[in-house]
Every structure is written in structure tokens, then in C-alpha cells.
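I am attaching a structure below and will ask some questions about it afterwards.
Labels run A, B and C following the written order; every chain starts at residue 1.
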């Protein structure tokens, strides 16, 4: 448990992760509180396709709705679905991958086959079909995202679990008579925390991108206000042809910023977990000067002489 | 550095060699009507699903008569005249003389006889359901065809009149006309020569021996493939398209402003309305007053302004619009007004029906159950979705829980037909006069039980009086009698509110007078303007000329 | 050598099995959707077809009804004969014809973009890993990540709008100009190339970062290994070290990724094709879904599944040749 807490503390000290966390935090807070402050985004408040002004910070869209309100409201649904689907993807992936990696033999064969088949199914077309079939709504999007996204992470997590399962500490636990459940939950998974966190973030990023893509195609629930549907309406109202970039750009930039923040956090996790990067960091913390990083251990360079 | 140089050079090379500038010769009209990714060479006018390239049905092949919805006149085309006999049991059509097929062979009544009997032999071709009321079709001689009806059905004339005629000498050799793609069509129409056909653009040249001498004045029609509305609009804005039937939002700002002298549009109303259907088998929608109350809560002005960009107008109390205005009941005869925005009256009506507002502010019945409406709309139809969103907001404002439910059309239409919906926005039946619309809204003989697929009357409302009116209408050819029946239908419609009209149903016509002139317009309404309305587009194809 | 053959054979068997399961799933999923093709076709005309037309359409597409199991065996039977049936939305064009038009364009656009992106990204990744400039790292990587974080269609539409519509530098749609004739003539070839620049650029732009990062990460872990250090100590030229030793080994995991991506190009370019009106298979797929065109859907799925399996098999063979460790 200590390890887990330590991990998160060091994460917040990492520069890249810090930036990422700040950005993400801003968006999350906005998405939770803004809808309470700003009025309903679907009210027809102004002349359609007005450029940004002091009255409407982001201007109005093709139906005379406030783009600023729409962007803020859209954050809530989009982020919620993305995080939830990311969480579920990792849950399913960790469970199936863990079971396969730990128990091996027959069970592994079956689950591996399942993983490989799912990996072979083309993601985007499958998403389009599922979304077209199921009734529009957040539940559908989540089902589609989890259905198409779990296999990749399951495979990654399975490999890692397999590696750990063959190591001494697991064998020792088995000898001591610990139940498989305990071994997986208490011994193996906590050690895989960076990988799991990284998978969660990766799945969330995928969740955002896929969700927005589907809604852009009109396959989501169009009567909801989300980032994806904002872009859908912007396109339908021929935003670019009318030169109304403000109906289009704020949402796009928001999506990019959130994805970026998650990616930065992922970089941070990587720097924490990758042993090589760890040692580099420790050294650069303790010593100053230039390092030649292309050796087994970073070597301090003197007077620009490169070995 | 070298890399940048080569890149620059390559770029200039491509740009210089770019052959994207508009390079079309005079007399060639570029049209945007169908939206597809890649053209399929199919000109079969009888094909099910209307998969043939436009204008196969009316452009390459032609019908017997065309009803001009602007003038309400029946214009003889491949048929010269017609006569009812034997108390409307037999229809004799005289075919036009001196018409040739584009391969030179003469057109005659035998082609008409062949076409209709082909539809009998292959029911998949009978998309208009002719053989539901025909008993036989025979050519009495080379210029007269006799249609014997199995039951008297006078409105059947309009349908028969619109049938595209195919040449017997070609089609009698076709094994499977259902799957036949007719790659090199032989027709009587103004344009019959396939000049070029690639998957991104195809060209239709004029018929050198067309029966209307001196016409068409246009030399060639060309059709680039536009994948989406946005792409087609882009081309229109750049001046690359002369005539189109697309829906363009904010058209004044996007299109007209780019070239105000030449870029024009005209959206004449087709005559009917778009409706909000409520499932009349479900309480409280089974109550006439409740339906009227819902109707009075809807702000149609806002819908036409925001959802339809002011291209149309709010529906009339009779749901009749545009070209059918002369069928409308006179205003003294209209004694109710539930098509309008009267939210207070709506609230009064609901209260008088015994509903009470609960603690959340929503109307609930005596058991405490809240009233809920779910408005089903196809997920691709943005303008209707916007309308639906306004409606649900209107309803929420007066205390009815409402939401828009978007579905892909497969699921949506399935629910509509089986009656598994509470609300939906959809079109109404149409025809040469308003009668079919009312018949579709109120005839009880068409009602199918919930769960069974119904081709019409999805909201399942019927009046037996309407059934008798329909029987009379089907057998009469007397115009004043027809008008009387239409008036009566309107009275019944106003009284019983089977469905809620929202706004007049417009037709879409966008054009540019840069290279062509003599398009019909509001100033010169000799015909309607939309390429989507077949077979009336033949008027435009034969009248428009290059500048 | 025998071991290699057995290994390839085992992989091949596995792909056959996975392929079969995928085919079955591909068959089931479209059919579980509500509605039937006739009704959908009818609905598309928004009321411009008479209600009687529905009956006529149902009559035509009667083959779409029938018990599921029968349909399945019918489907398999036709599959092995190479008969993919007739498309519903492009009735009566055979599915093979409908697909073939789109297939080549998707392969062309997505294929070349993928290859360029992979090669470019990997080379940059190698350089980045070798010259571990702290400043370059902390600037380039977040910037590229930021650019890659924008939704793909967003970037595509902006570029199309700005470079195509406003500046008029590039064509706005299609794979080639409507004023040239397809064939082996210079005009056509130039037209094809100029029409592919913008869509290919957007595809490459968005995926570049990914290849670059993965290559860089692979390189970093390789560069830390003993044998690289040894080679350096012996005095190998830096360039040779970088390319012959480090890069070759770092390439291996990337090739697996490349193989997977190659298999999926037939399905991945959907948004590109929509925005640039490029006549490829991606948009065809979307249309087929919307029209519930089962035969077309199955045909497209088949091409995707087949290409994924094939490219995976090819990648396995290549890896076998490149990496002696597998042979053991």
C-alpha cells in the first residue's frame, strides 16, 4: 500500500506529469461546476453564427446557442464517459489478462485466442455497427468503447502478469499456500501499478477519441451536448464554409488539451517506472553537468569531450 | 536544404499542373442531385429502390402525362389525351405520334402495353402498386392503350400517367429486368446519350432526335460525385454547379452572397406539411383535446426560424400549403385554431382534462404517473432534429416530460411502422392533390395492430366516415365532387387532430444563372424548381437554355 | 530450419482459426440489427416512394429473410465459391464490383501514408534517441503529442478548409480531377498525386508522433544494453552503431506494430475518406452499415479480416527472418 502512495506522490513531483495533472484538473473542475453556474447550453439566446464578443465569449453556433456554454457543458459528458470506459476497459483487461497470465495452460490458450480474435476485428467498423445498432445514449458508447478496446490492454497486462508469475516471490507465496486470488490481488497487481495506470490513461485517451469520432459521424445521441455532438452540429451547419471557426475550434482545442494532459501524465508514469530513466533522473538530481546518455549508465562529460 | 528545394519544386509542379479549374464547355450543365461516393452505372427506370441514376425516370425515359404542380394542369407528354369509359372502369390513353426511340425505332402504344405488363410479370418492378387495381393493359392499336380496372380507382390515373415507358424491342430480350442495369439506355427523353461514365463523374448528352423539335437547348448534363452535403455545397459556392436540390443552411450568407447576381434559390412548398405524429393508441395521446393541447404548446415560428432557417413557414390549420392553396377550406369555415403557439390555452386544456401538476412541476394523472413524450427522429436528419429539440423544450416548458430520441433509420422506421413509439416527426402521404395526405392520416381501413408493420397511418387513427369518403373519391372523376370531399376531409382533420402539423413541406431548388437562363422561379413559376421532384424536372430540362 | 517451418505452420493454423471466428462474428453482427434492408431503403426516400413500393422492395430482397442458421450455411457456401452476392444499396451491382472500386484507392492512400509515416517516424525516432538532447526532447515530444492529440477529422477539416478552400492550393475532393481520363497518362497520374497530397498529409501528420515515440523508446532501451556498450568500446563508428546494431534491433517491435497497422488500413481511413470525399472503402463501409446492406458489409469485413490475417502472417515470417532468436 505504501508503494502505491509513494508512487502517486512521486508522480506529482514529476514535471511532465505535474503539467498534465494541472490541465486535467482544470477541466475536471470546470466540467463538474460549470453546468451549475452557466445556463442551459441549448437555449436559443442570440443571433446564429455570431463571432466571439463580450456578450458571448465563444460566439454563437448555427442555432443561436452560446458556444462557451456548450463547450463547458460538453466537457462533463465527454469526460465522464471517457473515464468510465477507460476504467472498465482496464478492469476487463486486467481481469482476463491477469487470469490468463497467472493460470496459464488451457485457460490461457482460450483467453489468448479470444484476445487475438478481438484484436483482429476491425475497431472502427465494429464501433460504427454497434453504435448504429444499439439505441443512442451514453451506455451504448461505453459498451462500444469497452467492447472494442479491452483486447489490447488485456494482452499487455497478460504479458506482464506472466513475467511476474514466474518470479520467486510468487512461487514463494504459492508454496506458503496463499490463495490464487490473494496472490494476484495483493502480490502481483500492486507491482503492476505503473502499467495499469498507464493502461487506464491510454484507454481513456482512446475513449475520448473514439467517442468524439462516433458522435461526429452522427452515431451518438445527438440531442445531448457533448464535445463530439458540438462538432457534429458545427459540421452540419457548415461551420467552415461560413467562416464560423468559433463553433469548431474551442471544442477541438479542449479535446486536444485533455488528451495532451493525459499523455503528459503517461510520460510521467513512464519516467517513474522505466528503470533507465529513473537512474538518469537520480543522477541529474544529485550531480550537475552534462551527461552522455548513450551508455549503460549516464556518464558525466568533461569539457565536451565525447567518448 | 536540398530536401526543401525539391519539395518546393514538386509543389509548384503539381500546383501548376493542377487541372481543377472549372473547365466545362458552354452548353454543359453541372447538376448536383444525388449524393454518392462513386457512381454505379444503372439506368434501369423500373429498378426497385430507385437505384437508377437521375434522371433515368424522367430525362432518359419519359412518362405519359405530367401534372404540373405549379399550374395544377395535366400536361400531355408521351400520352396525348385520355378518356374514361364505362363509369370509370376503363381508361383509354392515346399515345403521341411521331416519337422515336433514341435508336431510331418508332415509339407506339405497344411499348406502353409492354411496360405495364412487364410490371405485372415481375412484381418487384411494381413499386407504384399498379396491379393492385388493374385487371389488364392492352394496346388496341398502335396509338391507343386500354386500361381495364379491377376496381374503380380514379386517382390511379396520376400514378399510371407517371410511369416511365421502356422500349419493347429492347426489353423483351432482357432476362431479368429486376437485376438489369440498363448500361446503355434507349429512351425517348431529351437526354439519352451516355457520353462518359467514370466513378467520379458521368455525362449525359442530348438526344439528337428528340420529339420536341429544337429542344433540349442544353447540350449535355454532367454529374460529379459529391459524397456529402458539405462537398456539394462547396462546389456550389465555387460556382461549379448550375442546378441542385440540396439543403443548404443559411443559404443567403453562404451561397447567395458569393455572387448575388447569379446565385439564386427557390423553395416552393409542395402542398403538404411535416407532422409530429403521436401514437393515438397510447393514453393520453388517444384524447383529441390532449393532442390539440400539445399542438398549442409548440412554437412553430421558432422552429421555422432556427431549425429550418426560415426556408418555410409554420403549418396552416388545414396542413395545406403552397401549391395546394386553392384546395384550402375558406377561413370562415375554420372554427378552431389549435395550430399555433398558445401555451396558456394549452395549460388550461390539460388542466380541464383532470391532470394536476406534481411536485416537480410536471403534469401527472390521478395515479401520479407523469406524462412523457419521446420524439423519434432519424439521426442523420439534422433539421428535423433541431425542430424536435425545440418541441421538447416547448413541452417541458409547459410541464410535459419530453425528449428527442435519435435512431438510425432502420430502427426508427421499424418502430414507426410497428407503432412502437410515442412521438415521431415524419412526412405525410402526397399526391396530385391533398386527398392522399388526409387519407393517410385518418382512414381506418389502413390501420394495422401494434406490432405489425404498417405502410401508412403509423399513428393508428381512423374515422369510419373517412373510409366512406375515400370510397367515393376513388370512383369519381368530377372535379367539383373531389373538391367537396377534400373540404370535408379538412373539417374532419380540424375536428379530430389525428396528427400535429408543424411546418409546410418545402421542395429544394438552388441554381445559378451564370451560364444558363430561364429557370423557373418565384417571378416565373412555369414549373417547380427542384430536381428532386420527378417527373416535373422534365419541364426544366427542356426549357432552360445556355446564355 | 524445420523448427521455423513448424512455427510458421502453427501460426498459419492459428490465423485460420481466428479468421473463421472473425468471419462468423462478421456474419452475426449485422444481422442482429433491427429492421430489414427493404424497409430501410424505403425509409431513405423520406416518403417519396409510395407505400406499395415497400412490398415491391420486400419482394426483391426476400432472400434476406429466412432462419438464421440457413442463412449462415448459405453464406459460408457462397463464400467458398467466391460469390459474395449482390449489394442491396447498390442493387443490382455485385458486391465484388462495388468493393473493388474502393479497395484500390484505400490501399493507395492509406498504404502509402502508412509507409511514409512509419519510415519517417522511425528515422526521426532513431535520431532523437541517439542525440538525447534534453531541450529537444522536452520541446519536441510534448509538441508532437499535442498535435497528435487533436481529433483526426478536426485537423483534416481545418487543412481542407484552409489550404483547399481559402488558398485554393489543393483540390477539394475525389481521387483525381473530373477533367482527366483514367489511364496510364501523365495528366491522370499527376492528378492522382495532387489529389492525394492533402489527405495523405493529414494521415501522416497525425500518426507520425506515434511511430516516432515508439521507435525512440525502443532505441533507448536497446542503447542501454551491454552489447552496444561493448561495440562502442571497441571503437565502432557511431553511424554504423546506430543503424546496423541499435536500429535493427529496435525495429523488431515496431514491425509488429506496423504489421497490425497495415492489416487495418482497409478499415482505418474512414474519416479521411469522408472529409476528402475520397472514393475508398471506409466510406463504403459506413454506407453499408446505414443501409443494412448485409452482402456488402460481409464483403468488406472479409477483405479487412483477410488483409489483417495476411499481414500478420507476413510480419511473423519477416520477424522470423530478421530475428535469429525466434528460430531457436
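Everything that follows uses one rule, which is that a contact is a pair of C-beta atoms (placed from the backbone, for glycine too) under 8 Å apart; a residue touches a chain by one contact, two chains touch by 3 or more.
The model shown is predicted, which means the values in this text are computed figures rather than measured ones.
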| item | value |
| --- | --- |
| Closest chain to global C-alpha mean, per-chain Cα centroids | C |
| Of B-C and A-B, pair with higher C-beta contact tally | B-C |
| Taking each chain's C-alpha mean as its centre, the one farthest from subunit C | B |
| Euclidean distance of C-alpha centroids - subunit A vs subunit C, Å | 23 |
| Centre distance in Å when subunit A and subunit B are each reduced to the mean of their C-alpha atoms | 47 |
| Whole-Å gap separating subunit B and subunit C, where each centre is the average of the chain's CA atoms | 39 |
| Contacts with 2+ other chains: residues of subunit A | 132-133, 235, 241 |
| For subunit C, residues contacting two or more additional chains | 33-34, 165, 274, 290 |
| Contacts with two or more other chains, residues of subunit B listed in rising order | 234, 380, 408, 410-411 |
| Parts of subunit B lying in touch with subunit C, wherever the complex brings them together | 14-15, 17-20, 23, 37-38, 40, 42, 47-51, 123-129, 132, 159, 178-181, 198-201, 224-228, 231, 234-235, 238, 378, 380, 408-414, 417, 426-430, 453, 455-456, 532 |
| Residues of subunit A that touch subunit B when the two form their complex | 42, 44, 48-49, 62-64, 132-133, 135-136, 218-219, 221-223, 233, 235-238, 241-242 |
| Complex contacts: residues of subunit B adjacent to subunit A | 230, 233-234, 237, 248-250, 253-254, 302, 306-307, 379-380, 382, 385-386, 388-390, 392-393, 403-408, 410-411 |
| Footprint of subunit C on subunit A - complex, ascending | 16, 113, 116-117, 119-126, 128-130, 132-133, 205, 209, 212-213, 216-217, 231, 235, 240-241, 248, 252, 255-260, 263-264, 267, 276, 293-296, 307 |
| In the complex with subunit A, residue positions of subunit C that touch it | 14, 17-19, 21-22, 25-26, 29-30, 32-34, 130, 132, 141-142, 145-146, 149-154, 157-158, 161, 165, 220-221, 223-226, 229, 232, 260, 264, 266-268, 270-271, 274, 282, 285-286, 289-290, 297, 300-301, 304-305, 308-309, 312 |
